[in-house]
């Protein structure tokens, strides 16, 4: 692994994320924070869509549920942040495993529809479930930031934790890609029936990757909402963000770690620009939609696919 | 004695059509069994029933004495059964080597990735695809894809190989090449091979025994000579009474 | 007791409109295996079309429905050629994203043009009183129209040449092509019809409730639930599915806080999808 | 060169008012230009902008001896909370906002509030009544609205006075603000000894209210109190009318106060709304315009009668302006101290903020009124202040007769 150029590209990326805000200041940090969260979502969604070929429209449910459980642990049960992170990730992963064994019996469009149903069902359930604050959500008392040095200092710590989760996401995507398990997933993506006849235990593999792809987004959810100060079901289970994660993946190029990461980063920059530019802010949805349509129709491989078509070298370097 | 595979009275109906009806047969190691019959006779369905792709309505399939009836395909693979598909199913967006490595990783031997890759390369040499190893499977010719099917199935070191029309759609040179591959496989590994084939000459020349399926039922089993001369077979399938001689006249 | 009865009647009336909206979705899926994520946006466009015909155009809202349908058909055919044609037969992800992109563009333009404040179409039809309860007149009329349109579509699909061609392409595109049916044109027409129906359903909803360009989203989700109840790709099932969903809403609401209704709906959706992927109304299914 | 500069100077002084601004005061906020809160958010933005333009026309805000021009930086939050934090952080870090206004709605404000604490900026919150946000230990939040738990107090007082035996149905949006209001209302009704026969939330995206209205009929309720925001509230009012509900009183949150509500026609008649402010109120302001002046200027510019969202927006501006002038500085802590000390009357009513650590910034000076849509002699719909009776412009119509 240490001999592969892409490994060092990933290391350099993470170092850049750590160093840039230290020199660039708070504004840079905030932009990178959101970019990192998007990259985490896209990288883990890539495990399902890019590696396994299952279109998960509801990946946001991991993020939202992780956030909800984590903030519950912090505000109601008084857990420290690190314990909430681990606790939320474990519970979400187990729930995803159980859910995955059920809904992954569906294929193609049926699976995609079911994942939409899961998001909506979970959102409306949490909105009515009083221990999680119902539709009002949960508020984090500012005193919860004391152990991290107060609200302002906590932002730095949360930022570095998110970068750690980002690093883990990059590494996870890379290692799965180069593993025997990953090979089995690719086989499922290409032709599930053929894969099973070749000996790939598809139902188990799918449920495991569904569960694995939930862990890091769940942690990102805890961190995001911890920083956010409040978690409300509308915000935690926003179907749009799930679909945006797919757009990021398409933009960067699905199936590659590089593409997922690049897509998440580029999308955040692009959206941030559209949203705050005077000219485009009214039309940002139109522009984003037109861009997506163009990618789907004319460049389904995304940026990475485009690069690979031009230079065969990139295929070996950008994995 | 326990056979490599023993199939007892398997049946399958699809929405009113009896696709396979009470078929029984066995095979032993090192044997090549040919399976012939007209289109729609239920040959591929029989393959699907044996390899776990669809569960039979009735009947029992055992491998080396172990009941594998209705087992999921990947579990059947574990027991040492591998198959190819009549309509090829290459893993399109993966290279030839990766395709075969999948077979090696998840076949009977469950090799680790590195070992699997080495083994896959060996198998690619056997089937004559070594020079195409880094090509995406989607870019192979139809003959290449058929070889790939065989290579993937072989890569798991199966005890029993089910070949579903690996010769169909190939030109004479390619057919000769593929027959050579099958011969080599038998010689080198000594595994059992059950093959569906329409190309009579090939079946007759390769098989130790041949069985004939018609309307989902077993019509006859025996050596190629016996089957070729079996009156029911001649009537139902071959049609031409002089066919047998033509077939037996090996090139 | 009367309360429950009225609640069920209300549910069924609304359910017929859910059913109509879902027919548009399921027809498109049945014919070209595309889940149209622009469905909600199309419903919303139907709402606005009716609004402008009825207010600026001064038409009677119900007489404007055929115009909305024609507009929807034309728009649908256009969307098919722009966004959908190239992704037919490719991975599901592509058609899902292509239609979602169309939805983003429509909602973006709609937001810029009409903001997101609610619009109203005023209709005064006296309701029917049952004891202290009232069933609004516009709900009754809308339900009757929805069922008539669904019936007309059924007749069209089973008794006209074009309808039969659409069904032929749905069941096997290659075979239909061999029989001399120009399948691409049939796909475009089927997409147009699906959108036309969605737009009319939207227009009918606009006669009942205030709406914005975003209102279609909720009905799109309901259409998913309905299609799954009725079987994806099965137009007759969709109407039954809609009625069933309306019935469930009507029966459940007197006993549970209404904010729990979506929880029940979507849980049911996922469970039925896993247990009966072909829908509840298709008994004998092939392999 | 000198000549050129001189001529430029002269031409500048001819076109612009002859005030030399030392600098800008940047105030940042987001508004819901799109999304479901758009109708509620727009008047608030108009209130902000009217204030800004008036201040700048009058010479800006005076800090010490300098005149500062007020500059707004605003973004569209699309009515969704996930955008809000990103945009507020950007306002603070990239646009260098000196002060912040809140977005519209309790939900979005809760999300934005923490930014004020993390980055140490004063945030005047308006259009955000939910009280929970202020109990988390903040130092820089200042609420302009009467908190949610007191929202329906005037409506319940009116019911108590007119019809102590009324059966009340509480029907509200399943969202932060409306739920907090309903919770407070239920407690208050209990204190008054009123009979609440139904208490139920509905999903924020509800468009069909018939299931819940049927339940209201079944419960035998005579008074309906609740609602949420504009979209759901106006739909609810319309269906109450369509389903011919025989209620003696209907009091809904927010929606009836938005000018667009009048488009409902007959469905609007008799509906009352707890209001932070109405144009008819008569306070003698310590600073800023009177209600009549504000109403006149607002109408001249936007051609509608301002509701309380607009007034709240405008009042946020003058309160901040006053505090900055009192502090004589743009320093966050000094301005916050001035706000903490404030106990003043404006056209919008009395303003005082809680200073206790447990609920800092909560509005404790301001009282609400109840307004009702009534018809004048020509049958034209208009809003009248009906409660408290002493401050009213017309008597409460009870029961509503249609």
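As written, the chain order gives the labels A, B, C and D, with residue 1 at the start of each chain.
Please note the rule applied: a residue touches a chain if its C-beta (ideal position, glycine included) is under 8 Å from a C-beta of that chain, and two chains touch if they have at least 3 such contacts.
None of these values were measured; they are calculated from a predicted model.
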| item | value |
| --- | --- |
| Reference subunit B; chain at largest CA-centroid distance | D |
| Identity of the most central chain, Cα criterion | A |
| Distance between the centres, which are taken as Cα means, of subunit C and subunit A, whole angstrom | 32 |
| Averaged-CA centre spacing for the pair subunit D and subunit B, given as whole angstrom | 77 |
| Rounded Å distance between subunit B and subunit C, as computed from the means of their C-alpha atoms | 48 |
| Chain centre separation in whole Å, for subunit D relative to subunit C (CA means) | 38 |
| Contacts with two or more other chains, residues of subunit A listed in rising order | 124, 127-128, 135, 282 |
| Set of subunit B residues in contact with two or more other chains | none |
| Residues of subunit C touching at least two other chains | 111, 257, 259, 262 |
| Subunit C contact footprint on subunit A (complex, rising order) | 49, 53, 55, 57, 102-103, 105-106, 108-110, 112-114, 116-118, 120-121, 124-125, 127-128, 135, 243, 246-247, 250, 282-290, 292-293, 296-297, 300 |
| Touch list for subunit B against partner subunit A, complex | 51, 53, 72-74, 77-78, 82-83, 85, 89-94, 98, 101-103, 105-108, 110, 112-113, 116, 152-153, 156 |
| Subunit B-touching residues of subunit A, taken from the complex the two chains share | 178-180, 183-184, 186-187, 189-191, 193-203 |
| Touching residues on subunit C, where the partner in the complex is subunit A | 29, 33, 35, 83, 86-87, 90-94, 96-98, 100-105, 107-109, 111-112, 221, 224-225, 228, 232, 257, 259-260, 262-263, 266-267, 269-270, 273-274, 277 |
| Parts of subunit A lying in touch with subunit D, wherever the complex brings them together | 25-27, 30, 34, 124, 127-128, 134-137, 139-143, 151-152, 155, 227-230, 232, 234-235, 238, 240-241, 272, 275-276, 281-282 |
